[in-house]
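Note that the chains take the letters A, B, C and D in the order they are written out, and that residue 1 is the start of every chain.
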Amino acid sequence: MDNSYEVRNDRLFKLPNSPELVRNTIRIKSKLIRNGLAEAIGTFILVFIGTSVNAQFLLPRAAINTWIQIAVGWGFAIMIAIASVARISGAHLNPAISILFFSMGALDIASLFVYIIFQHIGAFFGAAATYIVYRDAINYYDGGLRAIAGSNGTAGIFATYPQPFLSALTGYYDQVAGTGLLAFCILMITDEPNKVPFAAQPVLIGISLLVIGCGFGWNCGFPLNPARDLGPRLFTYFVYGTKVFAHPWNYWFLVPIIGPILGALIGGWFYILLIGSHIPDEKISEEIETRK
Amino acid sequence: MDNSYEVRNDRLFKLPNSPELVRNTIRIKSKLIRNGLAEAIGTFILVFIGTSVNAQFLLPRAAINTWIQIAVGWGFAIMIAIASVARISGAHLNPAISILFFSMGALDIASLFVYIIFQHIGAFFGAAATYIVYRDAINYYDGGLRAIAGSNGTAGIFATYPQPFLSALTGYYDQVAGTGLLAFCILMITDEPNKVPFAAQPVLIGISLLVIGCGFGWNCGFPLNPARDLGPRLFTYFVYGTKVFAHPWNYWFLVPIIGPILGALIGGWFYILLIGSHIPDEKISEEIETRK
Amino acid sequence: MDNSYEVRNDRLFKLPNSPELVRNTIRIKSKLIRNGLAEAIGTFILVFIGTSVNAQFLLPRAAINTWIQIAVGWGFAIMIAIASVARISGAHLNPAISILFFSMGALDIASLFVYIIFQHIGAFFGAAATYIVYRDAINYYDGGLRAIAGSNGTAGIFATYPQPFLSALTGYYDQVAGTGLLAFCILMITDEPNKVPFAAQPVLIGISLLVIGCGFGWNCGFPLNPARDLGPRLFTYFVYGTKVFAHPWNYWFLVPIIGPILGALIGGWFYILLIGSHIPDEKISEEIETRK
Amino acid sequence: MDNSYEVRNDRLFKLPNSPELVRNTIRIKSKLIRNGLAEAIGTFILVFIGTSVNAQFLLPRAAINTWIQIAVGWGFAIMIAIASVARISGAHLNPAISILFFSMGALDIASLFVYIIFQHIGAFFGAAATYIVYRDAINYYDGGLRAIAGSNGTAGIFATYPQPFLSALTGYYDQVAGTGLLAFCILMITDEPNKVPFAAQPVLIGISLLVIGCGFGWNCGFPLNPARDLGPRLFTYFVYGTKVFAHPWNYWFLVPIIGPILGALIGGWFYILLIGSHIPDEKISEEIETRK
């Protein structure tokens, strides 16, 4: 009778029967495909949670929601998404970050293309999954007549659109600033000399996105990620029509693609050249002493 | 005079006199009963705090509350509940998670039944405890005439009810999505290769529930847990009558039972097959180096 | 020129010149007085920050504030207060917790009296410090005519008062429930077998208070601590007059004194008897393996 | 084909090609200049994020924002800023903190001047960067007619101004209290005997600022930092004119300069004399035992 479950070795579960066997059977042999799949799943989770947070914010038309919820929701969505696949693909989940790593020599060209393609695939299906969960609520909100913007507009749940006052130039500034800060934070948090524990890195990156959402969300909704914006926009093309690429003006949709790429390169290299290269060496003896 | 209290060894207290003696006297010998009791207490804490958070959100009829409070409240309620009993029973606190672990061969059939029964008992009394604390406030809110829904309805404090626009099908989608993400996160956070410290696991699971509450709370209040919903619903049967099983339509109450079970199985096995099995092995030497 | 500041050994500062000398000169030799002083300072910080959070919530008469701010403010105030003096006195900061530890044999009777007295002293001056910072704002709010309650009432910034609908009995339930959960969490978080790192313990206790504030704040403002309530109430006696002990009814002020003491004893011993005594022993070999 | 990217050794990236070479080439040899640059960058990040959070709070004129966002935004902005440069300059980012460290003998006089100057430079450009990102939104808000205060006033995004009811004396109290608590927390969190892990220190300092923002933000917006206030005020001189130094009365701008310096000295030495000097020594054997 008493062969019941017991917590062993701080591990809550083991794969059934012969985990090695299962693992060896289903494990994908190609690193490239494995990493691509991981990027797709991570970006799927990011966009599924994130756009659902947007839906819950917009659709109640009520005062129970506040902007902090958007920032918290996206911040911890990226935390979960990164933690999920960081051990496999490094969890870029963002073409702008992949391009930054490519520019640093930390990603080869074949991987770069695979990463970017799979990130878009994941984002596309993340938006689709949110649509399925919130289809009833969207119908209730707009009476079944899909609109991009206006009092019944819901396309902003999926892709981002700028405030009416925003010029294209300030849109680019905004995206360069937000993504620059994000890339800066990602390199700073993962840079070895800063010794942030691996398990804490997704949490700190999540908090970074949270605070960027508190400061850079008003102009155009902090996309900061070409795949997070273009993937859902492609999905909304099938629901809202071609106007999603022309609202509020033609080529707006390029801002959250080009802006984040520029921003990640600027913010990332800003970190490398002005911070990362200047951290003093620690002598081994000090190293040991600090671990005391 | 100076035999006063002093902090010793980072331990703030010791059990009185002869802790081993006390421990050996009262310690429950049967693992099964010990684990069941732990599940009941953990689920009691989760539901007591969580439904009190709901009460504080609903009853003031005022703008001081925002939805983020629900997400934060439930998120950190599960953190506390898991941390409390994780060392004893593993802290499932959710029949859907127990069924997932059973499907993985990580829980035997006898334990499965014991876990599920005690989870419901804990949830029932958690709702009762909230009712005692907020009985005065509920009387003030509804003038003593208990109503399930409407402007004086308070049954939603305890069990979940869907938005008026929600179809049963979308209700299932919603519960599969939310519980799927939760199960995915639980396996990811507790999976050994991800090396999340034991003490940090309840915090990260709490944050996961928090963010799921930000994204999947609007349709039907993210029950995500058959015991968390059915236990309190049984309690409200004694307060609000049989209508709690038939509002807003017959068999709604099955959605937060069946949906979460399906969701946990889908989300959990999604993790195992698509993520957990593909994490690269770390060589021992690397392992040592990373601990540096 | 280059003898400038450099970060050494993860330590940002050292006491000037000969720290040992300074330390030996000013260090209080009596453990009892040292611990009492630490309790006073910790409770001062808790109440100074906490009542200032209350002031900032009440005085703007505006929608910029939400209840979550109260919960977050008090939660992290106790985090700071505990972290400040935990290495000296153990950071009870609450007579109910000190009485619980006394009942467990973890605090001697002399220390118990010293702790409780100094906790009240700290709380008194914490409220006074808040009054100094917010005197102008209170004058602006009430036109200089101090009132306990009503549209110009401000005494609730310092001590707690119940909602109009609250019976004394439910007030006691509420305080037993809230303080019981708090004491349960404190023992659980600091209990050695749960192996929460010392530096993380104040954070988790803070989050526990945060979530208790989200669920048990509506009835009477979650005092949960006789000193936190009585100390500021004594201070307000000099500002608002004797009515602070008779509003809204005679002897209300006893509820946040007696309730928390009962609650801490119930919640604490609930943990010890039903959880702490049943955590399985870890064998040394497992212990080592989990550290891997 | 399979030479693709793989996560190695918990490190997500390496500097390209020969990092040592790059590092040796661009590394700034003078510690003083390196530290000054680090202080400028850290303060730039703090003020850029923080004033953008202010902009997002003010400019929407809508109920989607709540004060908690200001507290969270500034709290995690300082977390990011400190984490970025703590390994280089110690991340004071605040002349009041530098003066406190100078008073403790932990910073030499040349470094003190360099730190303070570069902190102001960073803060100036941080405000300028926010202005560029939010120029369109400010134009939309005020119709292009810049005003310091009133219904179209926007200067409060950058520098702080007091509530109309605030006397100069209470302004000083407020700044001494807020900065005193901040300096107290910084020393407590970084003091070696408290053994807070290096990577966790910026997080806890950030949470400290967050909670100070919840309790001491209403009187005059918790500047708590001469450079954070004077740097942006100098920038706004070029946008709003000389009135920024005379609103709402002459010499208000001195309050967030003098108040924080007094506060940091009082709060810091309060910690050293009343807490830091009284932490009991741990014997080596205990030390080892606690690590168990």
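Everything that follows uses one rule, which is that contacts are C-beta pairs under 8 Å (C-beta built on N, C-alpha and C of every residue); 3 or more make two chains touch, one makes a residue touch a chain.
It should be emphasised that the depicted structure is a prediction, and the values quoted were computed from it without experimental measurement.
A.B. asks: What rotation angle takes the CA atoms of subunit A onto those of subunit B? Round to the nearest 5 degrees.
C.D. replies: 90
A.B. asks: What's the farthest chain from subunit C if centres are computed as the mean of the Cα atoms?
C.D. replies: Using the mean of the C-alpha atoms as each chain's centre, the farthest one from subunit C is A.
A.B. asks: Is it true that over half of the residue numbers where subunit C touches subunit D are used by both copies, so same, or is it different?
C.D. replies: Different: fewer than half of the residue numbers at the subunit C-subunit D interface appear in both copies.
A.B. asks: How many angstrom lie between the CA centroids of subunit A and subunit D, rounded to a whole number?
C.D. replies: 27
A.B. asks: Where the CA atoms of subunit B average out and where those of subunit D average out, how many Å apart are those spots?
C.D. replies: 38
A.B. asks: At which residue positions does subunit B touch at least two other chains?
C.D. replies: 6-7, 10, 63, 65-66, 68, 87-88, 198, 280, 290
A.B. asks: Which stretch or stretches of subunit C touch subunit B in the complex?
C.D. replies: My answer: residues 30-32, 35, 63, 65-68, 71, 86-90, 101, 104-108, 110-111, 114-115, 163-167, 170, 173-174, 177, 181, 184-185, 187-198, 200, 204, 207-208, 210-212, 214-219, 271-280, 290.
A.B. asks: Per the contact definition, I'd like the list of subunit D residues that touch subunit A in the complex.
C.D. replies: 1-7, 10-17, 22-23, 26-28, 34, 37-38, 41, 45, 48-50, 52-53, 55-56, 59-60, 63-66, 68-69, 72-73, 76-77, 79-80, 83-85, 87-88, 129, 132-137, 139-140, 198-199, 203
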